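So the structure is just underneath, and the comments pick up after that.
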Amino acid sequence: MSELLELRDLSVTYRTRAGDMPAVRGVTMSVASGQSVGIAGESGCGKSTLASTVLRLQPKNARVDGTVLVNGQDVQTMRWGHLRALRWAQAAMVFQGALHSLNPVQRVGDQIAEPIRLHDPSVGKTEAASRVGELLEEVGLPAARARSYPHQFSGGQKQRIMIAMALACRPQLIVADEPTTALDVMVQAQVLGVLTDLVRDLGLGLLLISHDLSVLGTTCDRVLVMYAGRVVEEGPGSGLFDRPLHPYGGALAAAFPRVGDPVARFAPIGLPGDPPDPRSLPSGCAFHPRCALATAECTTMDPPLEPHAGDRKVACLHADDDRDMKLLLGQRVAAAGEAAR
Amino acid sequence: MSGDLLSARDLEVTFGGRNGRPDAKGVDGVDLDVASGEILALVGESGCGKTTLARTLLGLERPSTGTVTYDGSGLGYGAGALRAYRRRVQLILQDPTGALNPRHSVYESVAEGIRIHKLVERKRAGGLRVTETDLVSDALSHAGMRPPERFYLNYPHELSGGQRQRVVIAGALALEPDVLIADEPVSSLDASIRGEILALLLSLRERLGLSVLVVTHDLGLAWNIADRIAVMYLGRIVEVGTTEEVLAAPKHPYTRALLSVVPEIDQIEPIVLEGETPDPTRVPSGCRFHPRCPALARGEAAAAGVDGDCRTRRLPVLPATGDHRAACWLPGRLGAS
Amino acid sequence: MSAADVPGPKALSARQVTWRRRMASAGRTWKEFQRHRSGVAGLCVLVIFVLVAIFAPVLANPEGLLRTKATGAVLAGPTSTYWLGTDEAGRSVLTLLIFGARVSLLVGLFATVISMLLGTVIGIASGFLGGWIGGLLYRLTEWFLVIPFVPLALVLATLLGSSLYTVGFVIGVTSWPGTALLIRAQTLSIKNRPYMERARVLGAGNRHQMSKHILPNVMPMVFANTTLTVAGAILAETTLSFLGLGDPSRVSWGTMLDSAFNNGALTLGAWWYLFPPGICVILVVLSFTLVGQALEEVFNPRLRDR
């Protein structure tokens, strides 16, 4: 398998008036063609910052350390003209706010054709139009809809148009940052279906960013869980969601309970406290102030990401291959509920 | 039905069409009961009318026909009657960041309702010796902001999302209501905070005996906290029953489809419906779900001999109480009657 | 729900809480304001002018205003006794200038208070109430906005007679529509915020919503706009006085310019009579504008980040 995207020890720090703010702290990961990789985490955990570095779209006040390789080329140091050619043609991005990023007074077909003709001026009008038709059909819309205006589409359809636009120059890698956040479950299922089909049929690489671990668990081959700028758990999608080994992974998985799971009934599981301020991270393991398993050791030692059985990696001193964190948290909450009664 | 605190009967809410478009029925015939101490989840996709129904139950929208009754008496729409009603039924909005005035401190936000309803004066007239600070402090503690006085002077922007939602809940609790209507109470919060807020709603029911109507699109949330579920589609409730009944053995094809696309459930083959909730200005004839119904498309309805009914015969409004029922012509769905 | 479980000594009364909050907020605003150098410079100039106006009787003998008691030569240039020369009646221009500051600032403030009260009340009411009342108020605002200022002010001033307060009143009632439109737009945007819905659900009536939610949120804008309006009002006072509609019994910078012009200061080259009031008007107007702009940036976070 060839690696489409490789991040090696990536760190991103925002320089602000109030001091340096580390957003991503040493992340190493890769995406191969035909593979979908998900990154889960809460707002402020650095997942969107990480995604923005793939196409060098990070804000100006961000300092990037480490390497970002797309098809083996270093994105962060390449020349501007080279980067422009790489955007769209080799890697493309689908954003969360897609519903508002279409030009309301231009036909969607023309908007999809724009990157095609910008990247290859030799493509004629009719050729571009037929490409647009193919692209629309790839995302499950009739080719004839190219002549419609954005307001004639629903939210889910607009998100599909954004995906079609990202596919316009035949990139091998798609980075999708919360592509389904504003959408209903049924429409979310439609859009996720389109993305998984593309990965399977066209052999694309997909980097999917979401706060919803359940979405990633069912969509992605591999999932990384980020907390305070760092990967705390990594593993195969469904395996990680079903049996998280890190307490934070457990909390994220439990936040979207399995309907029918008796443990979750009348026992919603949450974490006490709030995500840490990146400017003043807790000592040791950044998660320890909110962790039910934290010991004195956790306050001083920040555990590295270590391999575990079943092709998994966990950064936790208390990780045990035989212990399901989601279940453990559920039992604790249930026990507390019993005690309160 | 002595236990029913808040009920809707034959409720319809019509929005006047603008620019010559026809009228839209946001709510199109709904019977609903919220019993005392019950947590009821109102589930549906955006645009199905669930928020309109919630706003109508709060008296923020006036129904075009039908009635809302509270504790046996009809809801009045005069200023005085509505104000009195506000003390009984309170709202928790989706986005706590927008729901708090950025220029008001936590104390002022929580004290607002107390001042509007002159609760301190009322309680003193009743012989209780309380101050406004006592009431604010109590409300904040009930909402899990402890110690309360630490937060008095904070402004919303100094709090985390979860804390803001707790302040909103405290502001509602300060009025000592019987019913909370929570419109997507956790959908704008971080995943790890969700559980804490849901656990708070559960504990409020335990400790204060509150009834909660949760409006949500999230079936997992319903499974987490709700006693009963009402599934809404295009202005109507299409299935109602206890949470276990509706989610373990859904009767309506729409509920089945919704359940099948919840990412956590991978045992079921996902039934992805095409399109989105249709336009409330053009409600389909017969069963309002029939153009998207997988049971009709697969011939299940034809096999049962009801496909004609599906396309042409209007379904009755589901009764608010009683057994697990679904508004569907397939055999055995409409319940025992 | 009892008072028993409330921690006693640490609990603050509502008034203490509000007071602390106000102080903290004012402190933050002042800190932010200090970062705008032009605003601070404007404020310093204004403080000097206000002090001069307040202590005018100390700085100069009020008798110097009386034509009958004038001691100097007619239209004489600056000397060691008359630092800024004399006017056509032999009075000290400096004395006139000092007492003129009083009248000019007073009229400016008086006009601004009227304008702000009208503008804020009408702006909030027309934005919040909607319906026919809101529509009517909006039309009224637009109607006043399109009437040219000078002719209307001339007519009103002639009808009401010339006195200090008439001039202030005339300027006040002609300058509010701009403020009203600004406040109305702001009100419309605040009206749809979720916290307004929360207030309605808590049982708040229109009056509560307008006074507790809309007013505090438009207040910074009103405040910033006030300083800009004062500048306009002082300029308007000068204009009206220059056109001969000022209070003839009182000296203001505008009436000074008027009599300087009428007595041929321009042709006689009596620059000491023309320049000082003109420069004072420019300085005060500029200072108010600078302070107003700085306040606008302090109160409007969207401008701040630019």
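Per-chain residue numbering starts at 1, and chain names A, B and C are given in the order in which the chains are listed.
Everything below uses one rule, namely that contacts are C-beta pairs under 8 Å (C-beta built on N, C-alpha and C of every residue); 3 or more make two chains touch, one makes a residue touch a chain.
These numbers come from a predicted model, not from an experiment.
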When each step joins two chains that touch, the fewest steps from subunit A to subunit C total 2
Strictly by count of touching C-beta pairs, the top pair is A-B
Note: subunit C sits from subunit A at a C-alpha centroid distance in Å of 54
Here the gap between subunit A and subunit B, centre to centre from mean Cα coordinates and rounded to Å, is 31
The distance between the C-alpha centres of subunit B and subunit C, rounded to whole Å, is 50
Note: in the complex, subunit A contacts subunit B through residues 42-43, 154-156, 184-190, 193, 211-215, 217-219, 238, 241, 248, 251-252, 254-261, 264-272, 274-275, 290, 333, 340-341
As the complex stands, subunit B meets subunit A at residues 45-46, 160-163, 190-199, 202-203, 206, 217-220, 223-225, 247-248, 257-259, 261-266, 270, 272-277
Listed in rising order, the residues of subunit C that touch subunit B in the complex are 1-3, 5-7, 10-14, 17-18, 20-21, 24, 193-195, 197-205, 208, 212-213, 216-217
In the complex, the residues of subunit B that touch subunit C are 58, 60, 79, 82-83, 86-87, 90-91, 93, 95, 98-101, 103-105, 107-108, 111-113, 116-117, 128-135, 137-138, 147, 149, 152-153, 168, 171-172, 175-176
